[in-house]
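Working notes, beginning with the structure itself.
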Amino acid sequence: MSAVLTLDAVSAFYGPAQVLRDVSLSIESGEAVALVGRNGAGKSTLAMALYGIPRVEGSIFVGGEPLKLTRAYHASRAGIALCPQGRRILSNLTVEENLLLGAAHARPGSWNLRSVYALFPILAERARYNGHALSGGQQQMLAIGRALMSNPRVLVLDEPTEGLSPVAIDEVIDALASIGETGTALFLIEQNLRLVSRLASRYVALVKGEVVRAGAVTGESMEELRSTVGV
Amino acid sequence: MTLTSEDSMERRIKADVGSGNRRPGGPRLRPMWVVKVGLVAIGFLVPLVVTGPYQRHLVVNAAILGIFGLGVAFLIRRLGMVSLGHALYFGGAAYAFGAFSTHGGLDIVPALLLALGGVVAVALAVGSLLVRSRGIAFTMLTLAFGQFVFTLAGLTQTRSVTGGDDGLPVRMNGTLLGLTVRDFSNPTTMWTICWAVVTVVLLALGLIGRSRFGKLLEAIRENEERVRFNGSNTYLPVLVAYVVSALVAGIAGVLFALYNSFLSLDVLAWTTSGNALIVSFIGGCWTATGPLWGALIYTVGNAMLVSGGRNEWQLYVGVAVIVVMVFAKAGVVGSLQAQWVRRRERRQPPVDLVRTS
Amino acid sequence: MAIQLLNALAYGSLLLILALGLAMIFGLGGVFNFGHGALYMFSAYTAYSLSSAVSFWLALVTVPAVLALVGYLVDRGAFRFLRSRDPIELAIITYGGALVVENIVVMVWGTQPRALDAPAPFNGSVSVLGDPYPSYRLFVIVFSLAVAIGIASWLRYSKMGLHVRAASRDLRMTAVAGVDTDRLNAVVAAVSFGLAGVAGVLVAPYATVSIDMGARILVIALIVTTVGGLGSIGGAAIAAIALGLIQVTGDVNLPGWSALTPYVVMIVVLIVHPRGIAGRIET
């Protein structure tokens, strides 16, 4: 096993405010790692930092290669795909066009329109609909499908079940589990520990932009997180 | 999105300019006022220094353009809203004054009052439609309204009123403060009038800026959502600010008509609105007097560069606009002030210059 | 009636080409390019000179191509570094650019208006329902609509068109999905400049070429863009041709007043839909 995504002392700044402080972590290929922390701990900033979007210091490696942080598209082309917070489905594009956008610079791999439609049959049914005509759960599937279209090495999911119904949450989790089985690493940004236990094998906890603890996801470690980190 | 920028330099400039009587420590306040009153007094003596009739003509033109710029810059400074249609009020007031005097046979004073009243009425009507929009949408809508009136004034059907392409020679009747048409066309007399108007406009805009109303406008500029959330109406204050800015432009238009006693359709064209915008940005929209300096630079530069019979004036203006916007957003006056503030800070421990809101 | 309809189509299709160019840059970065009218005017003058010296058809090929290249370079060389600025500041910078271009035209060609004869084989007239009609105008209609359909198809069916549409809604998400949005911006600037070039060359044998032609039509094109809805080429096409129709029929029935119709349309839309226009413009 080799590290597919490595952060080495990454700091991020919004203007003069430092949002992340020397964050280091590593994700092996095929692994599912959860980033936990309360609102405002810097979780979403970490996701955007992969794209160099706030001012970023430190180094990020994808598959051992240093990732250029000068422009947002480098990360995608290196093999990172993001399902952003709020999903950000493009409402002026159809479902299929949203998926095709994800394939803007796809790496070689098994994900294409057909395999995404096989994973989420509902998207095939709605292929010609506008992106915003979907329900919340369907939009999340579309966001995941769009990310998969680039054949990523790491799939970064920023609160993928936020605002979804329990049924939709189960569907999303099942889909993510099956994606994980194909060898794609999952980087799950989440504050819902129940979800973390169902998907991730390891966790990294973030408090005020710093990594305060990390370890294997077990019943006890989750209990501990609940009391110490307060998620 | 507004035109304000987060960088601290501009904040400092804004705070420095707008904080005359807000800064704690009363003693410093008085010398500032003495200086200001002194500057106003010296302004009236300008004809002693500027002796040539042509040079006096230029400074009068600069003053009129500067007042126009002050009106346009008021909206930018207080609300971050850029109008490209204020020729509607500048040219509209000038034409209204001209028409009331020439066709209506009214005396100067009623014609002037009616013209300015008309500006306020039109600004209320147009503004009530416009001020919901913000940002570039507002700019484009002001442009469309301005062009509407420009096109209207150029129609053959309105020719009997506006004179169309032939222009409108303004026939003035009666007197204003004992002055007649003759006096108004004299640059020395006109300078005194313009300078008095400049003083009054600066004072009025300054007072508005420092009043609670001004604070409300700034709050709207910084975060309109929050103001609304706090239960304040934002539509009405913006509309009032728009009317104030239109009125200042209208005053400049009436001065223009008084001085030139001839009007052509150019005064309504969007390039006229553009000129007011250009002098505001070149001088600095974020400072109280920036547009006046911008107008002086513009007018004198025009005279110097065009007198040689060359045809490159627009080129220089275009390049100047680009250079200022790219490298010195605060404008000439604003950048100089920032320099001065920085220097003074180096000499003494920094006073709290950041807005205390 | 058929003649009027054709005149409306000719005028409207030129407006459409101009409005499309404006809307493309606007849609992507929210920047209103005040230089668009100046580019159109510059192209008309260049077409006048090239036609007189060599051939109109050479102008129709080279002028848009050169302008597209200039648009690409201006975006890569200048606007790329100013992308974080407020769109209004950028608009004012383009206003300065418009002054520069206008002055260059004055320096090269003077302020005298120019007129250009229609090029062969469209220098005659054809019979439309028994009335003679200048065949060049028919060419303008066909060519402009072909260009508009070409642009629409590019946006609708090509991969890059998909990226342009995506970026006009959410630039950051488009970049996150792996699209080089800087390059996309430059391509869009190139297309926009090129469209100004097409409109300028087409108009040269159609109407008098003068210094103020750009500034005058810019506002009308802006109205077409806003009334038709940004990003909606179909909407812009309907608005452009409807405006052309109203204006041309108005010229016959209400001479003079018809010049006001674009503004009246805009104001009416504004009253009916105060947030509508603003909302559309800002997205």
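The chains carry the letters A, B and C, assigned in the order they are written, with residues numbered from 1 in each.
We adopt the following convention: a residue touches a chain if its C-beta (ideal position, glycine included) is under 8 Å from a C-beta of that chain, and two chains touch if they have at least 3 such contacts.
Here the structure is a predicted model, which means the values were calculated and not measured.
Asker: Graph of touching chains, which shape: line, ring, star, complete, other?
Answerer: Its topology is that of a line.
Asker: Pick the chain whose C-alpha centre of mass, unweighted, sits closest to the average of all protein C-alpha coordinates shown.
Answerer: C
Asker: Could you put a whole-Å number on the gap between the CA centroids of chain B and chain C?
Answerer: 32
Asker: Just the number, please: Cα centre separation of chain A and chain C in whole Å.
Answerer: Inter-chain centre distance comes to 42 Å.
Asker: Which whole number of Å gives the spacing of the CA centres of chain A and chain B?
Answerer: For chain A versus chain B, the centre distance works out to 52 Å.
Asker: Please output the residue numbers of chain A that touch at least 2 other chains, ranges allowed.
Answerer: There are none in chain A.
Asker: Under the definition above, what is the set of chain C residues touching chain A in their complex?
Answerer: 159, 162-163, 165-166, 168-170, 172-182, 231
Asker: Which residues of chain C touch chain B in the complex?
Answerer: Against chain B, chain C makes touches at 30-32, 82, 86-89, 91-93, 95-104, 106-107, 215, 219, 222-223, 226, 255-257, 259-260, 263-264, 266-267, 270-271, 274-275, 277-278, 281-282.
Asker: Please give the residue numbers of chain B that touch chain C in the complex, ascending.
Answerer: Contact set of chain B toward chain C: 1-3, 5, 82, 129, 132-141, 143-145, 147-148, 151-152, 155-157, 270-271, 274, 277-278, 281, 311-315, 317-322, 325-326, 329.
Asker: Inside the complex, what are the residues of chain A that reach chain C?
Answerer: 51, 53, 71-73, 75-77, 82, 84, 88, 90-93, 97, 100-102, 104-106, 146, 150
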